[in-house]
Amino acid sequence: MIALGELAKQIGAQLNGDAEFQVAGINTLSKASSSELAFIARPEFLEQASQSSAGVLMLAPAMAEQASFRGHTLLIDDPYLGYARASQVFDAFFNHRPGSVDPSASIASGVEIPADTTIGANVVVAEGAVVGQGCKIGPGCYLGAGSVLGDGTLLHANVTIYHGVSVGENCVIHSGTVVGSDGFGFAPSEAGWQKIHQLGGVRIGARVEIGANTAIDRGAIGDTVISDGVIIDNLVHIAHNVFIGVNTAIAGCCGFAGSTKVGANCTFAGQVGVTGHIEITDNCHFLGKAMVTNSVTEPGTYGSGVPMQPVKKWRRNMVRFSQLDDLSRLVNKLAKKIGEK
Amino acid sequence: MIALGELAKQIGAQLNGDAEFQVAGINTLSKASSSELAFIARPEFLEQASQSSAGVLMLAPAMAEQASFRGHTLLIDDPYLGYARASQVFDAFFNHRPGSVDPSASIASGVEIPADTTIGANVVVAEGAVVGQGCKIGPGCYLGAGSVLGDGTLLHANVTIYHGVSVGENCVIHSGTVVGSDGFGFAPSEAGWQKIHQLGGVRIGARVEIGANTAIDRGAIGDTVISDGVIIDNLVHIAHNVFIGVNTAIAGCCGFAGSTKVGANCTFAGQVGVTGHIEITDNCHFLGKAMVTNSVTEPGTYGSGVPMQPVKKWRRNMVRFSQLDDLSRLVNKLAKKIGEK
Amino acid sequence: MIALGELAKQIGAQLNGDAEFQVAGINTLSKASSSELAFIARPEFLEQASQSSAGVLMLAPAMAEQASFRGHTLLIDDPYLGYARASQVFDAFFNHRPGSVDPSASIASGVEIPADTTIGANVVVAEGAVVGQGCKIGPGCYLGAGSVLGDGTLLHANVTIYHGVSVGENCVIHSGTVVGSDGFGFAPSEAGWQKIHQLGGVRIGARVEIGANTAIDRGAIGDTVISDGVIIDNLVHIAHNVFIGVNTAIAGCCGFAGSTKVGANCTFAGQVGVTGHIEITDNCHFLGKAMVTNSVTEPGTYGSGVPMQPVKKWRRNMVRFSQLDDLSRLVNKLAKKIGEK
């Protein structure tokens, strides 16, 4: 519960209504109860808003004039951003940071844990690691030798950070994620693959969020780098010596091969695959399953793949694809013959 | 070892042979020994069955008449289903449930562990969690605050269940899987991505099985839902507020983007990608690597992608694909010119 | 620090220079300091080598004649392989193996831990497991009942090995990886999916390296097999009863469906999908995102997929692909009409 006036202040919205009104949570327009906050970001929901049972409605000032909502309102230019800010207020998990070290944790001698940092059960912190203030390390996490967690960083349960990794301030890393595993580097030899030991580390900037079961490899020589403000979803693979520029967003199941350099403010939809040793400039956007095999020098939106179809039709088209070069040659021949080329 | 008569009873088969015969295990037709059970589900294996050393053969009554097998037989209409049932009998791991709590487990005060539930080493159960009867929680698992495990549910080692997740009865979740991690929700702002705290949970029905290293995100507002009887393989990504209908089967490496609703009795082969905010009706089947970018309203089988080819041929066809629109225009022009369109 | 003479001996290179010179590490040509080793494997870097500040340069004897490098040199026929060997010398993590058992580890009674094996905090070793000499098991790992780790094998933190798994000598398995989870086997029944209990195990050969958050399922009947010298990257899915031949290399995010048999010395680039029950012969190479739906009997390189394009152009070509069969028929009709077929 939070007083509406206080909530307005925290999210930077203008209040039309009772500052003492108690808000219990956030919900959708159709499900919100009389003690909950809902929001609309687009005019097509104005009609639905007028029928909502929500106690509070957040919307843009321009839209407020057209709205016929009975309850309290919060006015903010970007209601979606307002919703994002309000969501933090109601996240009990995130706000619960008592500052304690579980007695079952194994903290290497010489490592200092700040008083306001919380360490869960069975956490292992190796020698030389540095843990910032106000961190929260969930049960079962491992922080390797000499690795660094910046102030305010949250590791959910069962995160693995190898040695020689630095994570910046106010990052969130979800369960099952591994940072600093060896890059996939091997030299061929007569006796089979000879491992190239991965001597670099991983540097993660500030305000980075990484989803569950993602894997980020350490560099072979020099570091893998995730810049400030990057957001990464679940089950993403980032190979050794990749560089991801600031504020780039990477959705689930993407894979980045080694030494590729990605610019700032890019977005990758799910299951995109990016080949190694290429460079992608700032402000590039890739649709789901895109196959990125060359450097991209022009900002813009890119896609690849072929559309899903009923299986019989798709099978026929697939066979035709495998003959596409022959078909094109035939067409060119025909065109020549009848004087069209 | 189990007596053949008892085995027949447990799997619902009719016995032709010695009820006291001791069965040691299950094996393939070609490898089964004289103390093992083998099965055939299709007539083309009748010849092989006649030469098998298996002690017991399970098959359909209709096929039994044509079989010339020397040993004992078990008759059942669906021998593949019979095999599935028999497999449980011989799964020593699954049947081993002594009911004990490892002294190294951290169980929050107030959480009751039923006498027939087994808790492994280093398990952490947070405050307010509810653990059902006959559960088995493997070493290193984490069960978050207020989360619920239904009766008879099995978590293998190192599973992570966040707070606010409910798992139904008789589920199996494999190692490394994460349930309840934050959905990938962020609002753009001038200061970069603003996290949208994920205030919903995850509801998993009864008899759900989830493979290894899968990640299922909690809802932004409201829950992510996995219905009764769903089966999910390894390394699958299920985003926030996805709904999966009853008995749907999802193979390895699939990804589902946010708020998509999948019907009942669907099947997804490996590496299928499903975009967000769409609806897939019941009884839809997707072949491997399918790219599902639109709602599917007709039950049926769907595919996408192009066939693998030797690299030179494929490269030529790929180039032609990138000119396909031009080619099509040229063909239409030719067709017009010679009076075919 | 290592004396250059000693380093030369360990990697099998011929030294031109001071055997007592102390080498501090490895770096790239452009970044190496006067105490570091750099290498060149191709003549196009000869110019850059002449300007490098590196203290030591490793290169092939044939190239050494053309090089104008001021420092010490190491001559070796395959400098990339030399680099791989040298990298091990400087891997402090790998070389740190003191031999101790953390008091928080749970070792089942009867399991013997060799004196030179290291067991980290919160490791759980179940009954009947066998741990080889000189192994290192990182914090939070689980080794299931009856499973075997060969001599010199390294499990990084939070690896999960189920029961009935054998891992050969000198393997490396990275964090979050799961070996021995149940294969995705279910029989349809009127009551929904009936689980087929997975009664086989997993056999991993010697000198296998497996990346982070990979999942390798146990066999349904009989074992899943990973042969000697195989290397597997992060987030790879290997289903039940798959067989991978010696020295095959599998990059990140690949998926292999059940019972497929892969030959020796194959390579799979990222995100390749391989269907079940097929056979791939030795020396096959698959480009990124290849969709392998049939057995491959000819060694060679294979690819699939269509190239990424700016979104407008791609959308047009995609629509044309869905009409490709019709287009081909029209072309054939035209060809007939004008006497070209």
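For reference, chains read A, B and C in written order, and residue numbers begin at 1 within each chain.
In the analysis below, a residue touches a chain if its C-beta (ideal position, glycine included) is under 8 Å from a C-beta of that chain, and two chains touch if they have at least 3 such contacts.
Since this is a predicted model, take the numbers as computed values, not measurements.
Interchain contacts join each chain to each other chain, per the touch definition above.
Homomeric contact chain B/chain C is classed as different-residue, with under half of its interface positions used by both copies. Rotating chain A by 120 degrees superposes its CA atoms on those of chain C, with the angle stated to the nearest 5. In whole angstrom, the spacing between the mean C-alpha positions of chain B and chain C is 26.
In chain A, the residues that touch at least two other chains are 104, 122, 140, 158, 176, 213, 235, 253, 271, 305-307, 309, 319, 321, 323-324, 327, 331, 334, 338.
If you check the complex, the residues on chain C that touch chain A are 25-28, 31, 78, 80-81, 83-85, 87-88, 90-91, 93-94, 102, 104, 120-122, 138-140, 156-158, 172, 174-176, 207, 209, 211-213, 228-229, 231, 233-235, 246-247, 249, 251-253, 269-271, 288-289, 305-311, 314-315, 318-319, 321-325, 327-328, 331, 334-335, 338, 340-341.
Every residue of chain B that touches chain A in the complex is listed here, in rising order: 104, 106, 122, 124, 140, 142, 144-145, 158, 160, 162-163, 176-178, 181-182, 184-189, 192-199, 213-215, 217, 220-222, 235, 237, 239, 253, 255, 257, 271, 273, 275, 286-287, 290-294, 298, 300-307, 309, 313, 316-317, 319-321, 323-324, 327, 330-331, 333-334, 337-338.
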